[in-house]
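Listed next: structures, encoded as structure tokens.
What follows is subunit A paired twice: with subunit B in the first complex and subunit C in the second.
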Partner chain A sequence: MISLTLNYRAMMGRAYPRMVGVLREPSWILFDILLPLLGMGAFIYYYRAMGAPEVYTGFVVLGGAMTAFWLNVLWSMASQFYWEKETGNLQLYLLAPMSRMAVLAGMALGGMFLTTIRAFSTFILGFVIFDVQLETSNPWGLVAVFLITMVALYGMGMLFSSLYMLYGRGAWHITNLLQEPIYLVSGFYFPVRQLGFWVAAAGSIIPITLGLDAMRQLMFSGPEVDPFLPWQVELVILVGLAFVYLIAAKYALAYMEHLGKREGRLTLRWQ
Partner chain B sequence: MESNWTNPWLFALYSIIKPIAATLILVVMYMIIWSSVLAAPEIFSYMFIGNTFFMYVAQVLFGIVMVIHEDREHYQTLKQVYIAPMSFYVYIIGRAVPKIIITTIAAVITLAFGVLVLGLPIELGEVKWLLLALAMMVGLLCICSIGIALAGVSLLTARHSMGINEGIAGMFYLFCGVVFPITFLPPWGQAVGLVMPITYWLEVVRRAILPTDMQWDSGLQSYATGDIFLMLLGTSLLFLVLSIAIFRYADHIARKKGKLDMSTTY
Partner chain C sequence: MANAIEAKSLTRVFGGNKGKKPLTALDSVDLVVEEGELFGLLGPNGAGKTTFIKILATLLLPTSGTVKVLGHDVEREAQAIRPRINMVSGGETSGYGLLTVKENLWMFSQFYGMPSNEAKRTIEGMLELFGMSDKANAKVRTISTGQRQKMNVVRGFVTDPDLIFLDEPTLGLDVNASFIIRSYIRKWVKEQSGKTVLLTTHYMAEADELCDRLAIIDRGKVLACDAPAKLKRSVARDSTFTILTTPCPCISEIGRIPGVKGFSNRTDGSNEEVRFVLEEESVIADIVSFLTSRQSKIISLTKTEPTLEDVFIQLVGRGLE
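== the complex of A and B ==
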């Protein structure tokens, strides 16, 4: 019998450390806001050195801020169960009388809250320091695109978390590998359409690809925006992706847990 | 040890994909603005060479910091290595050597890709090999010395090592003329860049590899190559002294506070 109250409390309990961590451990201000501005600045000056229109500065600031979400999905969602296994906590999660999805939902909720603060701070700082010009044509559309992108993205993170549960130490390296290549195919710093239709379509498997493209259409104007698809179409696709990833995460989690129990890998550490 | 988590072919793929993807991001950004390598070959060459050789900075710094992290947290052998009858500096540099070798392979592949596919204007017969070899020797020693300083800091931190490493690498990436000349930075940024040995290292490497007519004005064009190399030597020595001082201080604090064998489960 499903206990909604218990699962809700599990979800909030898992989200709590990540939300409270914003206040308790202030080092994130330096490492997650100020230091990423260095890399962002390098790309901005690179565009300026090439004589690019100023709208590209806005693309870099937006993309740079949104990298926080992708990194959070990789390191705080995908790798989480692997780390829990390494520290010996995974079996405690599995023994507790709650839905595993509640744990993943709590991780996603807490991560989303924490990362939104970081990304928003980075965006505001980049906006001010580099004098970005915004032309928001539809603020409510922008909010809708952002929220749906987050649901789809963290749904993907929940799916990755399930798949990573049985990984060995290669999990860390695979996570490390999924940074720069994703920045490239998802068009973090340039319109993804510039990679060609089929590469952009393949990159759209990652929800942040369509999310970024839609946000660029809603925040900037001019031919440089070069949309892949109209933002309304991208929003519909993102809703679909959200459903697909959340459902896939549920089934993947159950399968991987069953596989782990059968092969005795749920408590296997230091491999 | 670098590849003990997977089979050699997957490791080779992993070692190449990441840096090449980072380079391709910049290539795509260039192509959006200029459409063709031939439209602004000096800009493309400047960016491509700078980003390719910056792989050494990113990968070696990261690799050295990871030595402390891995030995302390994953393998839990740091204290045994520390008390072994050998120089800890030599051990750290020894662990960095595989990273240098792997990065060299990735750099060669990236350069080959640039020349064969993208039309990067490099003529092997015109490369100043001796200058390049000397620059690489001094540059890698400088990068390793900076890595040793960061390794010292890692002895004292639990989970901030990666952030510090990325911050330092990001600082070099912005201020050292990696993908754009430092003349595009504000005056204070240029001043920061002129103190960094990486700035001079990349300038010497570009002068060694690229033909004279492919040199973009980096802000250092008025200096002779010999002068730039002397600046590289001078700033590298300065950073070497600073790095050893930082490492020795951090080492002292780590021993004083009993952090050498701390386990943070991070």
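== the complex of A and C ==
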């Protein structure tokens, strides 16, 4: 069989549970849309109380919507292999002939589909409730930045997932370590350049930092946008990050699988 | 006939680093399984059965020795092996609870590249064979343990592998579910040419009923390997007895009585059933004396035909439970 067909089918097979999850677990409407709106509301009212420019309301809504992707990458992408190992799925994935990257791509595709619906719903609600003013000058540029950010971000998730395949709970600390600081370092609710060039540069290792900065430039106008780099440059860097993370994920996964087979850590002890 | 499995001096050691004591799970195992065989691995928990299967299934590397599966080396040619194998473990909880039985099976079939419609047709047919048609659209989290295990067995066979590893596939199942699974396994391997099953179990009757040949394994070593009938004949010259007695706290001392080659015991709380393999029948008198001198009341004493359990007792010196 052509390996492309096998891997395509494997990817769609793995994406399927996440795609149907949207319909079968409607609790996400409360937990992933309405609750984040409360957090966004808090930031918006802080900004308004401080007399911040109105465009900051838009920054918060954009950051709030994009938070869903970050959390999805951390908890449903990077750490997914830990859960898969616990349920016995991981050994069935590794037993099957498809590329391991196909499984990860399926997880990413399903995750992106699910999270895009959630993020878009949050964005629309935030847009309406908080009366956000958009000035989208280049919609195709915005779409390109969003898509490349997703590929780079989920590529990073794939890289992290190889760690979870082997280290399980040990890698949990990495997730906890990454979750909260990124809201600051990646400038989820404000222009990241305000942290200074070098902090913004370091934060750019996480693709969502550049993605958010570029999207702010393409969705809002005025000096408050305060870009870190021109969005075109950020797009090129994001393309580079996407390649680096995907290739690194492929090799890291192969290495971790070999190490896991040598040390007997790919399957549960009782199985 | 070609070999489906060929292990030479296979050893697998776990741990041994950071000051931990190494554990030898498999110790210089030599084993050949021919294509078309229904081969059993019989041994107690911790004997090394699952480790052996994991190595064959390319999930674990040997520490030393070589293993070929379907003519390919497990370490260097795993990619050539994987499309042709599958595995089912007892008590497996794989899949996703929010998917239906049919959807879960379809998902796993996609990992082997089955065309979607062909996979759906095969799944429907197999669910019918397993009496699961009415559960095809039930979410996996709502079905019983037995139904879940039948689904797992369907998952293993749906990709039509040349070699399937069944690791305690009927573990914890009721009589009916076990019967359906055993019947299917037997039919699958007998009605198709070149299909091979490697079954691990610690149910003696299951091994006896299903396997063309079996290996008895304990503490990582293969102690015997032959057809069940031949293995049983090997202990036919010994005497085997079963005694049902009231609980005896000193039961372990029976092994020290001269002429006792091995014994196993199991209790139901109120009585104890002890099975002996003896060098000669006269030794039974010493055992009766031993039990009565310790205030145990003998309820029944039966001379029995040798079973695989007796083979195991003779080889290992203790029972499987």
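Here is the rule we use: the second predicted complex is superposed on the first by the 260 of 271 C-alpha atoms of A that agree within 3 Å, B and C clash if a C-alpha of one lies under 4 Å from a C-alpha of the other, contacts with A are read in each partner's own complex, and residues count from 1 in each chain.
As a working rule, a contact is a pair of C-beta atoms (placed from the backbone, for glycine too) under 8 Å apart; a residue touches a chain by one contact, two chains touch by 3 or more.
What you see is a predicted model; the values in this text were computed from it and never measured.
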Fit or clash between subunit C and subunit B when superposed on subunit A: fit
Partner chain(s) touched by A:Met98 [first = subunit B, second = subunit C, both, neither]: second
Spatial angle subunit C-subunit A-subunit B, Cα centroids [nearest 10 degrees]: 90
Partner chain in contact with A:Met12 - subunit B first, subunit C second, else both or neither: second
Touching partner for A:Leu184 - first (subunit B), second (subunit C), both, neither: first
Which superposed partner A:Thr87 touches (first subunit B, second subunit C, both, neither): both
Subunit B versus subunit C as contact partner of A:Arg193, first or second or both or neither: neither
Which of subunit B and subunit C A:Tyr45 touches, first, second, both or neither: first
Lowest C-alpha to C-alpha distance for subunit C against subunit B (Å): 9
Intersection of the subunit A residues that touch subunit B with those that touch subunit C: 87
Footprint of subunit A on subunit C - complex, ascending: 14, 50, 54, 57-61, 79, 82-83, 85-87, 89, 92-96, 98-99, 103, 106-114, 116, 167
Subunit C partner contacts - residues on subunit A that touch it in the complex: 1, 5-6, 9-10, 12-14, 16-17, 20-21, 24-25, 87-89, 91-98, 103, 258, 261-262, 264, 266-267, 271
Residues of subunit A touching subunit B in the complex: 27, 30-32, 35-36, 38-39, 41-43, 45-52, 86-87, 168-170, 173, 176-177, 179-181, 183-184, 188-191, 194-195, 270
Residues of subunit B that touch subunit A when the two form their complex: 5-6, 14, 17-19, 21-22, 24-26, 28-34, 40, 43, 47, 74, 160, 163-164, 166-167, 170-171, 173-174, 178-181, 184-185, 265
